[in-house]
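In what follows, a structure is listed as structure tokens, so that the remarks can point back to it.
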Amino acid sequence: MQRISEEILSKCRALLEDGTADRVMGWENGEFYYDVTPAVFTKDNLDNMIYDDFCASNQSKYFILESKKEGKIVALLKPCDTYSFNQLLKENRINRDNVYVLGIPCDGKIDVQKAALLGIKGITGVKSVGDEVVFETIYGEKSCAKKDVLFEKCMSCKGKKHMIYDALSNEEQEPETAIANEDFGNRFAYIENLEHMTPDERFDFWRGELSRCIRCNACRNVCPACSCLTCVFDNPKSGVDSKANTDDFEENLFHIIRAFHVAGRCTDCGECTRVCPQNIPLHLLNRKFIKDINELYGEYQAGADIELGMPLTSYTKQDAEPSIVYERGGNK
Amino acid sequence: MQINENNKEFKPLIVAFCCNWCSYAGADLAGSSRLSYPANVKVIRVPCSCRVNPMFILRAFQRGADGVIIAGCHPGDCHYTSGNYFARRRMTLLFSMLDYMGIEKGRTRVEWISAAEGAKFSATMNEFVETIHNLGPNKKLEDLRCKE
Amino acid sequence: MQKIGVFVCWCGSNIAGTVDVERVAQAVANEPGVVISTDYQYMCSEAGQLKIRQAIKEYGLTGIVVCSCSPRMHEATFRKTAQAAGLNPYMVEIANIREQCSWIHKDKDEGTEKAIILAKAAIAKLHLNTPLKAGESAVTKRALVIGGGIAGIQTALDIADAGYEVDIVEKSPTIGGKMAQLDKTFPTLDCAACILTPKMVDASAHEKINLFTYSEVEGVSGFVGNFKVKIRKKARHVKADLCTGCGVCTEKCPSRKAPNEFNQGLNKRGAIYIPFAQAIPNVPVIDTEYCVKMKTGKCGLCATVCPSKAIDFEQQDEIVEREYGAIVAATGYKLINLDNFEEFGYAQNKDVITSLELERLMNAAGPTKGTLLRPSDNEHPHEIVFIQCVGSRDVSGCGKPYCSKICCMYTAKHAMMIRDKYPDTKVHVFYIDVRTPGKNFDEFYRRAVEEYGVDYIKGMVGKVVEKDGKLLVQGSDLIANEQIKIEADLVVLATAIEPDPSVKNLATMLTASIDTNNFLTEAHAKLRPVESPTAGVFLSGVCQGPKDVPETVAQASAAAAKVIGLLAKDKLTCNPCVANSNELLCNGCSQCANVCPYGAIEYINKEVNDHGKREVRRIALVNEAVCQGCGACTVTCPSGAMDLKGFTTRQIMAEVDAICK
Amino acid sequence: MTVNEKELAERVIRISGVNTKKCMKCGKCSGTCPSFEEMEYHPHQFVSMVEKGQIKKLMESKSIWTCLSCFACIERCPRSVEPAKLIEAVRVCVIRQQGENHLKANAVPEKLDENMPQQAIVSAFRKYSK
Amino acid sequence: MTYSYYPGCTLKTKAKELDRYARVSAEALGVTLAEIEDWQCCGAVYPLALDEIATKLSAVRALDSAKKEGRELLTLCSACHHVIKRVNNDMLTNDDIRMKVNNYLKLDTDYVGETNVVHYLEMLRDAVGFDNLKAAVKNPLKGRKIAAYYGCLLLRPAKVMQFDNPENPTILEDFIKAIGATPVITGYRNECCGGYVALEDKAIPQKRANMILEEAVSKGADTVITACPLCLYNLETNSTIDNKPTICYFTELLAEALGLK
């Protein structure tokens, strides 16, 4: 099965050949078919590059380092990745001159765990056909509704428009505006459910989730916003460094501080939840801040632009008082 | 948290971060006006409410505080013109997050207290101690290793 | 490990009354690092300070904790003490066991326990203190005075007389301000022009004073000692260097439609005009809104008649950039708009006027050449009603909550002068209170009543209605418990004053704060009344609060003294408790720069050596002379690269830990 | 002030919502009042008398029936004291007493004339009776 | 343009002209007045006492009725306008009154001051526009010198009524200009006519009405207009001056100018 569209491959090849760029950041096959992994390609190994419904990772963060190297790299960015890329540009983290952004389309990425729950295992190929997805497996062809196997982050897709690009692999497909999918509007529904619980129920919910945290730091390492050169939790001089959670408090502390550090900068790319080996719905923390920011300080989508001030580094004189927390939302 | 051995009365421990220019001066005024408030309130002087890092608040809870209050200049009166506006946003979001995680709402508070508001400082502290007293000891954010 | 001395002050019985000081000293004696812990009756006294100095030397202390009154009271004292004994002054921590302990707690056990904890917190913090050295910055030896009224002129003259350069920026075409419009000044009844115009001439002739009239401040950057200011010199359309001030142009100008601002709009002036005879500079200005040439291209008569070819219709605004060490705001005031007080009929009746209009009607250089004639028909008024507190002391939202301070006295002055000049005229003054605190002020007011027979009525006017060419004034006489009606020829409103509206924008540019009434805020209401909280910015005149001429001049000179004190220094010592960025931790994300209220953070590309790895990184650099040490950046920085000296993250957390133990 | 009067004063303050302490005794209300001559106690006196607790005198005074409720004193009061609210409150205290309706229904017909609008009758009823 | 219309009881009886000419003129100006159903008397005076709740209910019912229609509520009689506008303000700003009224009324959804209350004159000024009115005038009242008498209820308290400058209003004068006549500005145009005291003691309104009319006449007015039935009554019936000017509702002149009378 062809694992990359001809448009993407030929565009990349052309960019390398005409000297516009000398590297491409994309995906290559891993140990298993669904087990794709980020990789940098040159002219010589470009044929190994793949891009299909398993290529879910948000690679924006790699360009912090890649753009500091000599030469120019082609960034293959899905629409949702462009938000993260923009946000990093806004924070002067990426050297724009050294990156050529090729916007690539995305129809939602497949969570192999969800497929496994549907009994789809031993995958050797995948193809989307409209709302359906067809798997080739060692047990034969299996199909299911695509929405049943999408990643959480794709369930609330921000839309198919690229926020930034130098070229698009498929210009005809590019919409005029970012039209979020239906579920995007509902992305706060789960948070609202939590808000309507009693504090004790919420506490128990989060204890249940966060107590599973093994501090593998996968969430931190994948997060494009969590891209400090040295994390405070790794810095022995910060006074809060800790390599492992030794008790409940530290489990809470790490995730509260992490969410706070990315508040106003998190694009809701959902990578934290996607990579968590313990399946902790970490996006519910970041998204809570997004919800609060939208409600208190006006709708804001991090990474949609590179000019506007960010919610936590700006203010208005009429901002709500912190006591509003006692009044709104949540069970009294 | 201190539990008095004799009557097992709960005496909440309150950490108050006060900005140097307004609220700390307000606390001094409460003192020079002899407006009392419970001794379990301990003030930490910071230059501005915007110096208060969420980490400090969580740290206080970890080490056994039962309530944390941040006091700064009234919005518009910041000595540094805009510090309290940033603090206001940060604390609003942090408090909302703590609430979302099931921590009792009343344990954290922000008050704007000017250098002239000694009475307000004292009244606020009395009220806050009362609130925390009613909430009981902080159990949800404690770190048992830090307890005596 | 630090070697720490702890000094517990009794403050007489202020502390010792509710805190067992001896127990505090003992309790902390065994804290890590503490090598001496003692108590004394008055630590701030010479003997107490000596004790500290001796201990520092005797025990080789690296830091001291003083458990005493608020650091706002004596931190500076004990820093000096430490310095005198060779210790870095920033190795001093104060535990506030008076204002925040002994004075608020009654139970001695409780107070003592708390004092011990506060002392331990200070010790914990001190362990992390490092010696800090204050930076220095140079001082530009020039001052800027914004506003050229009596306040600005006086401030500028005093600074210039001390030998420093001063620029005055005045937005109108001449200096002189409101005082130039006044007829006489209380309580001595000097002619305002006679005492003001010589000062105006002095200012223009002074070699150290540079006037920017018809100019406005457009932007301010920098900091105390090193301000950079953009000044817009608006186009006069008259070349000042060629103009001789002969005034032919102003006489020949055919346009006579523009209201004469100097006469409060009581008459008209030409489109090219000199505000008044003694204006400085004596150079006309073209009002482009009324100039026929500027509007239609036809006319140009002024250019034709000008003997020195000074008219320039093409002239453009000019921006100049100047550097200053200090800035004085002297932006003055205006009368409030009276739309909310139409019960007095100001907009409905020509003969209802403001006090400032009356000044012009009584002034020899005014529209009536000094004869008091009422505006509607140029007849002599025979019965005049003054209404005090129009818009002042009003909390209903229509006016101003404050007392405008000058109205009682100028109303007495007006009443007295009218009775003096026109003894056949009846004068009534409706008052709520007569406020005359000032030298010879009450005597002045009583003279108006006793010698000049002015009728003071304790009460307020409810309504003024025009009736058969007269003004029917209906008011209360509270002493008689009557409602009275007076048929007056002229009604004068003692209108409230408010800060000139330009002050709002200026305050933003200067990062100086204004109060709810838009008056500039002083650094301390009692002890620093002529300084703004922003270092290097000073306040002169009514922009800080209502005041009369003598008070304004006094404050103007006070502000000048403060400026001179600043300019006399070659170097300024900066507060060393400023932000500091760790270049190895900095991500270069610029978030800290976005929250810095002073623009103190810039970003540079610098080669850093990160554990042997050399690379060029974009990193934050704090300008220590500009940073004021608020700490907003420290919390914004996710990586913890940004920290605040004197209040480091670890220091504050050490205090938290000690308190929560 | 007797206990009863103190209660009355408190009631007047509560019903009116007026803070008499804000009054700076400027007299603008009485300078404004169109019904001043018809009143025994004038608007500014209402404020100070309520402050002093002299409610009974006010309740017995015909002043409370001659206030026109024109709101001029409310509009022009520089301290937002608004004396008309006190006058109304005193009037309410009177008519809420048993049998103290100032206007009795059976007395109305003789007061009517053919041109009088409903508005006058309804409002008079509202002002004069409970 | 459609408004929910609250005529009020006087407009159904003694002040029929005020109502009738308002309706025909509105129609001519393209404004539909949809009379709300089952309206009750507004009470004619706004109860100043803070503990008066019952007397505010009928106003809230009218307001809620307009809210349900999703329209602004238009009033004409000064008293009705005053009462309804102020009660609406209470519902917006006074928690205590809002709670008590809603507890009492038990509406489907609480009424919390959503409806905008508009006086007929405000509609002419802000929705139709005096310039458009001027263009629609068929029979300009040239040469007529008309004094506007505002009375108290439309203007005060200005913070709540938000009608015009309470001491120097212009809306009726602008209206007079729009219908082609010359406004005569009088000092007593916002002074009380004596109001409801007419029922108790005719002497007071007589004194007030004479004072108001004398001034209007002395300043050359041939006509005095008002929006209030009680003002009209006091000026007309309770005044005793000899050379009384014509006293009428502003809507009568409006209809006349529009050629509808």
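Per-chain residue numbering starts at 1, and chain names A, B, C, D and E are given in the order in which the chains are listed.
As a convention for this text, contacts are C-beta pairs under 8 Å (C-beta built on N, C-alpha and C of every residue); 3 or more make two chains touch, one makes a residue touch a chain.
Because the structure is predicted, anything quoted here is derived from the model rather than measured.
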item: Chains touching both chain B and chain D, listed by label; value: C
item: Number of steps on the shortest touching-chain route linking chain D and chain E; value: 1
item: Selected interface, B-C versus C-E, where C-beta contact pairs are more numerous; value: B-C
item: Chain occupying the most central position, where position means C-alpha average; value: C
item: Whole-Å gap between the CA centroids of chain B and chain C; value: 33
item: Distance between the centres, which are taken as Cα means, of chain E and chain A, whole angstrom; value: 62
item: Approximate Å spacing (C-alpha centroids) for the pair chain A, chain C; value: 52
item: Separation of chain C from chain D, taking each centre as the mean of its C-alpha atoms, in whole Å; value: 47
item: Multi-chain contact sites of chain B, meaning residues that touch two or more partners; value: 54-55, 59, 76, 82, 86, 90
item: Residue numbers of chain C (touch at least two other chains); value: 343, 397, 463, 595, 636, 649, 653
item: Multi-chain contact residues (two or more partners), chain A; value: 240, 312-313
item: Set of all touching chain pairs, with the criterion as stated earlier; value: A-B, A-C, B-C, C-D, C-E, D-E
item: Footprint of chain A on chain C - complex, ascending; value: 584-591, 594-595, 603, 610, 615, 618, 636, 638-640, 649-650, 653
item: Chain D-facing residues of chain C, complex; value: 343, 389, 393-399, 430, 432, 458-463, 474-478, 481, 483
item: Residues of chain A defined as touching chain C within the complex; value: 68, 91-93, 226-232, 235, 237-240, 261-262, 309-310, 312-314
item: Contact set on chain B toward chain A in their complex; value: 54-55, 58-59, 61-62, 75-76, 82, 85-86, 88-106, 108-110, 140-145
item: For the chain D and chain C complex, residues of the former touching the latter; value: 22, 24-33, 36-37, 42, 44-45, 72, 76-80
